[in-house]
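Letters A, B, C and D mark the chains in the order given here, with residues in each chain numbered from 1 onward.
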Amino acid sequence: MSTANHLLAAALVLACSSASAARTDITIGMQLEPPNLDPTGAAAAAIDEVVYANIFEGLTRFLPDGSVAPALASSWEVSEDGLQYSFTLRTGVSFHDGTGFDADDVVFSLDRARAEDSTNAQKGLFAGIDSVEATDPATVVVTLSQANGALPFNLAWGDAVIVAPESIEQAKTAPVGTGPFVFSKWVQGDQVEIVRNPDYWGEPAQLEKATFKFISEPTAAFAALMAGDVDAFPVYPAPENLPQLDADPRFSVVLGSTEGETILSINNKLAPFDNKLVRQAVAHAIDRSAIIDGAMFGYGTPIGSHFAPHHPAYLDLTGNSPYDPERARALLAEAGLADGFETTLKLPPPSYARRGGEIIAAQLREVGIKVEISNLEWAQWLEQVFRGKDYGLTIVSHTEPMDIGIYANPEYYFQYDNAELQQLMVDLEATAEDDARSEILQQAQTIISEDYVNGYLFQLAKTGVANAKISGLWENAPTQANDLTKVFWQD
Amino acid sequence: MLLACKDLSLSINGAPILRDIDFQLSAGKVLGLIGESGSGKSMTAYSIMRLLPGGSEIGGSIELDGNDLGTFSEAQMCQVRGNDIGMVFQEPMTALNPLLTIGDQVAETVRVHGDASRAQAQQIALDTLRRVELPAEKYSPARYPHELSGGQRQRVVIAMAIALRPRLLIADEPTTALDVTTQAQILTLLRRLVDEDDMGLILISHDLAVVANTADDIAIMRNGRVLDSGPARSIFSQLKHPYTQALYAASAHVPARAGRRVDRAAPLLVVDQVSRDYRLPRQSLFGPRRYFRAVDEVSFTVYRGENVGLVGESGCGKSTLTRAILGLDAIQHGTITVGGEPVLAGMAMPRELRRRMQVVFQDPYGSFNPRHRVARLITEPFHLLDNPPTGSARSRAIDEALESVGLTTADADKFIHEFSGGQRQRVAIARALIIHPELIILDEAVSALDVSVRAQVLDLLAELSGRYQLSYLFISHDLSVVRSVCDRVLVMRRGKLVEQGTTNQIFEQPAHAYTRELIEAVPRLPEAPG
Amino acid sequence: MLRYAVRRLLSLSLTLLVASLVIFVAIEIVPGDPAAYMLGMNAAPDTVAALRAELGLDVGPVQRYLNWLGGMLSGDFGTSYTYRTPVVDMIGDRLMISLPLALYALTLSTLIAFPAGIIAATRRGSAADVSVMGVTQLGVAIPNFWFAMLLVLVFAINLRWFSAGGFPGWDQGLLAGIKALTLPAIALALPQASILARVMRSSLLDTLDEDFIRTARAKGLSTRQTLWRHALRNALIPVLTIIGLQFSFLLAGAIIIENVFFLPGLGRLVFQSISQRDLIVVESVVMLLVFAVVVVTFLVDLAYAAVDPRLRRTN
Amino acid sequence: MRWLQHRNLWLGAMLAAVFVAAALISFLWTPFDVTKLNIPEKLQTPSMEHWFGTDHFGRDIFSMIMVGARTSIAVALVAVSIGIVAGVPLGLAAAARHDSPLDEIIMRSNDLVFAFPALLIAIMITAIFGPSAINAIIAIGIFNIPVFARLSRAAALGLWTREFILAARVAGKSASRISVEHILPNMLNLLIVQGTIQFSLGILAEAGLSYVGLGAQPPIPSWGRMLAESQTMITFAPHLALFPGFAIVFTVLGLNLFGDGLRDYFDPKISRGRH
């Protein structure tokens, strides 16, 4: 084709782009910018939201419904005692830099993640792994110190993706993976661009190019959507705009579930919260519907324990803590605090926390608990609340999937120490069978709910907004990811 | 007739400023326009130039060569200004644009009016600067105004005004801000230009003597009217109008000085070999510090009851010396004693010593804290007393001081802005007198006053000196004032005392060339009729 | 002139040195560990310690200050804790937006303020003067972020003439870049233009009262000639100060505006870096801004000397 | 009445007085309790019951603006006081010891503070010590110190050359006594005018800091935070952003007009309007 024809074609594409020819590029809005692009070296959810399933893949992966599916491992077998997993790897897979993928890369990746000096944020995922061995280029055997049915699940996390030793040095700024998209460029503070991987081992992506644009201000997010600067905001940060966006034919609003249990965390070792009566009083003083309505503009599902409602093992325990200020006052009186008390409420930046905090403060004031609000940046929050445990109350959404195990760790920032629950979690580790796991999980839910460990508020809704012509985006968020593999523009 | 003002009147925002002004001026003649402050003499000039503030209304007619300027449009007036009429202002320090060279500023007059090329205009500017005695060899036209002295700047302003050889030049107090010797040169220059160009000149001044020797005709103004006018000779020889008489008398006034004993055995203020240096900025970063010697080994004595004048042109060091005597600044060499006690600058100076010395400053407006009443103002020196009077004793002291300077006891409750300039100087004198000092330093104490008021204040000073046996150190640039009130005179030049002697000696037989130059430069009033 | 410049430069360096110390000490007391922030909620303590060592946070503060200072002198501002890229490159990228934005806003503000100030001063008391004074009074009182919100509402969301924010990058062409910076520049320029117009007016009124203006009029210059040949240049001197101040303000003061329009500029960088505890970036940006202020002040001083011959003498 | 002739003065005084009155009245009474949330009534448009409507928590915006005036005025007032209390003595001391090392140190420190971009430092201070009204006050106050120090030094230097100061020195008064007795009263006008201007700048600064979340913390209402919180709702509930915005604009406008008017009143000669 001559140059002239090229130009003509280009002009036609331009002229018709909105009318007929489907677009092959997309701009995805995200609230937070990843600090770097190596999902195995830092915690930030934003990293996974860019790279997971797009650039990097693990041995297994999450599907949009939260189930675990094969990825770089086409299949796996578990030994009788549940201590040995042998993964069969896909062949003919290569990294974006052209180097081949084989069992050595898997061994390198997993050993690196669980090493002593590793900066992997989820080292716990690999805690039970004794050794990782490549028995042949297409087989990897993982040996556990004790049976753990959740290993395929654990390996589906973004923190367990497979990296290549050749390119690991530059993973933070120029990641090289095996996924359907190739990293193109990163304008720090603004955007990351990825393009289609023509040599992908699986079904190739439909989009030519995708741009992740980082917009922290909710207002700016709205303006960007309205002005067409952003095509989709998978986790739209301002629920108040959703009715308006929903009413606009240009957009479709997709409501889904996330793994984010939004809770009013209580410092269980700090007086008077070391008294269960006081915690129960707090639970009864909270009006979940007002919070969901006021802070989330109605988006969110009330929860009564630390568990995602869409999970099969979920138990609705909201009945344990209905809104009942009279009861709350009575419980406080019973605890010897009829005149109430003062405490702190330290809030991280997201609007669910800031707005929810204001509402909770007002509700607690009604029953005589004076709450001093302080708004913190994430770094301060991590330092003061999460690590320093210097707080009375805080609000945060725990977005890791299946994370009820945190209640078994007395060092965790709730400082909840219950031997019964800790034993349950040990049992859970050793259980591979679904029904039995389910039962254990339900017991755990009940224990923490009835112990009023924290104030359980709501399950964070995934409020995605996208151009109405876009198909294939995830509805739910079983993990933090923007998997673009199946995304395309409808005509 | 070059210029004729007929029934000229002016009001600004309804307030009448000028009324029925009539005068005429022929080519080659100088008209002296005389009046005290507020008489309307400057406004007359601005009316002719039509450079009046907004809200002005002009009546009557101003004819230049028979053309009524009142009928001219603003654009036509722009053609007249600078071309037909030039103007020179009082304040040479600010009358020039600080950002342009003097050559450009003179050339601009030429450029805005004619078709002269840039080079031609530059040439005219050079020639004109030469005419005002600023030849390019010595005073490059590429200089900026701040690089010239006051007298030189005034010459530049004159050059700008006469570059196009206008037929009429208006000079508004052209020498008031200048030293007496410079004043004489500028007056000579103006007269020469009038004669050379056959130009008409309106010379505006508050000083009868300045105008007397230069003007052909004189008009005397007061409160916006011309009270007396005519040829200079007849004005002074006849003194018809009572105001002219009063003005003349005040200008030539010599206060009566009686009842005062000068005790030659009792030196009060002794200044011995005093030098005062000022630090200059370093020439280079690590270069040596440089100093400017403002007062250079000055010695003199003021005896008890004696009135001593200290004269010199601006910058000669007399103010620096005053500050040193008052103990405000430290000196580098020599000693100053008052009644035998050394004067030290700053807090080290004992109050008893400060008590013996007081001061009256030049500016009757700036000498007082505007927020205090007179009673508080004049009792400020009580701070120097160990047991300052209180209650009725304090009121008595205040009343006595006020009465002794010719004010009333009721004035004690007034604020300073309620007084005129002359009255303020009386308050200043009352403040100096209230603790009965032995020496009063009068720092240009009458320079800012109109002649008639000045005469009264001089009388008062003479009287007080006699009554209280006060010694004065009378610092002034005005030789005639010094002559009328002082027993002895000191002449200062460039930090040095060049001559001292009795008033008669100095004025009759000046020994030093500079003294002679100074005395000769003083404009003199013509003899009054018997 | 040269000697004057050298002396000023020496005192500037001292200011910068003291400023660097102040900045470092201030930032060293910021609570919040960058390593902990980066690793998130589930990080093990030994992981955090490992990262601290990697970031060079395990040496003493004096050593860190000297390292930082020495690095800056050789053009190395260190490596960002969070982004792991050289700070110099990050600042360079951001400057490509902040600097044009500041210049754009400054140009706008000057283009608006000069004519407005001149008209107001020369027609004092007229309807034009009253309206200029009224509008500028309002302009000074409006918070620029609120004005920015209104601009976005009207021009981006309702009229859709401009995009609501973001920056396409200069590689998309000069016009696209300028278009993206237009609303932010207007929001930034409005209060600045108001201030500048008022300074221009009052300075010009002062100058028009000067004796040499009267002299010029007596020479036969018309009011217009007097204005252009004599008044403006003299009135410019105080205006220069304000322009100098404004430039540094615009460079730093865009923090909020950059957030409203989500422009990846210096202001937003510093805001992000503070919340991410990316101390080295904060230190470097603040230092850079102080440096900019000091340098602009110096340039303004030199501009004075260029305008005013009285300042050209060395002593 | 001379002040009636100064249009700016009374117009500004009236505008400012409205907000001061609102702040004062809010201590005694507000139409609704601003600490009580009423979520079912959220986002109502202005009505007879809620004059300015309600916000996203169902609070009465009119009441919040009244209480917010209190916050703005308190922060700005204290910040300006810090500037005056610390800055004026420094300026007076520097002028009294003109050209001494003390003068040099004070002026160089001033330059140093001026070299820091004010807003950035305010953000840093609040980021370091945590966001609160107190820290906002300190941050704004620090930048008021050199403003007043420089102003009073310049004014005092001018006054020190005046002859009535020489007269006081001849009367043997000490530098500090002269500063208090003669210098300070004569620059009071300037201080009042500058104080008014800094006060209005303080209100703007407080609004800016609150807007980025670094000012007064909830549940204390603040105009800047009201604007920040309303931002995402501006398209469907513009009254949330308009009323606090107008409150800021009119208060600052009022104070500026008042400052201009005062300047004219004190010195009719330079009725030029503010820079």
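The rule is short, and it goes like this: a residue touches a chain if its C-beta (ideal position, glycine included) is under 8 Å from a C-beta of that chain, and two chains touch if they have at least 3 such contacts.
Quantities reported herein were computed from a predicted structural model and do not represent experimental measurements.
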{"item": "Of A-C and B-C, whichever chain pair has more C-beta contact pairs", "value": "A-C"}
{"item": "Distance from chain C to chain A - Cα centre to Cα centre, in angstrom", "value": "39"}
{"item": "Rounded Å distance, chain B centre to chain D centre (Cα mean)", "value": "47"}
{"item": "For chain C paired with chain D, centre-to-centre distance based on mean C-alpha positions, whole Å", "value": "22"}
{"item": "Sites on chain A at which at least two other chains make contact", "value": "217, 219, 226, 377, 380"}
{"item": "Residues of chain D whose C-beta touches two or more other chains", "value": "127, 231, 234-235"}
{"item": "Multi-chain contact residues (two or more partners), chain C", "value": "31, 149, 157, 259, 274-275"}
{"item": "Every chain pair meeting the contact rule", "value": "A-C, A-D, B-C, B-D, C-D"}
{"item": "Footprint of chain C on chain D - complex, ascending", "value": "108, 111-112, 114-117, 119-121, 123-124, 127-128, 200, 204, 207-208, 211-212, 224, 227, 231, 234-235, 238, 241, 245, 248-250, 252-253, 256-257, 260, 272-275"}
{"item": "Touching residues on chain A, where the partner in the complex is chain C", "value": "33, 35-36, 42-44, 116-124, 172-173, 187-190, 213, 215-217, 219-220, 223-224, 226-229, 349, 377-380, 382-384, 386-387, 400"}
{"item": "Touching residues on chain D, where the partner in the complex is chain A", "value": "35-37, 39-40, 42, 56-58, 127, 130-132, 213, 217-219, 231-236"}
{"item": "Footprint of chain B on chain D - complex, ascending", "value": "162-164, 166-174, 182, 185-186"}
{"item": "Interfacial residue positions of chain C with respect to chain D in the complex", "value": "15, 18-19, 22, 26-27, 29-31, 133, 137-138, 140-143, 145-146, 149-150, 153, 157, 195, 198-199, 201-202, 205-206, 242, 248-249, 251-253, 255-256, 259, 270-271, 274-275, 282, 286, 289-290, 293-294, 297"}
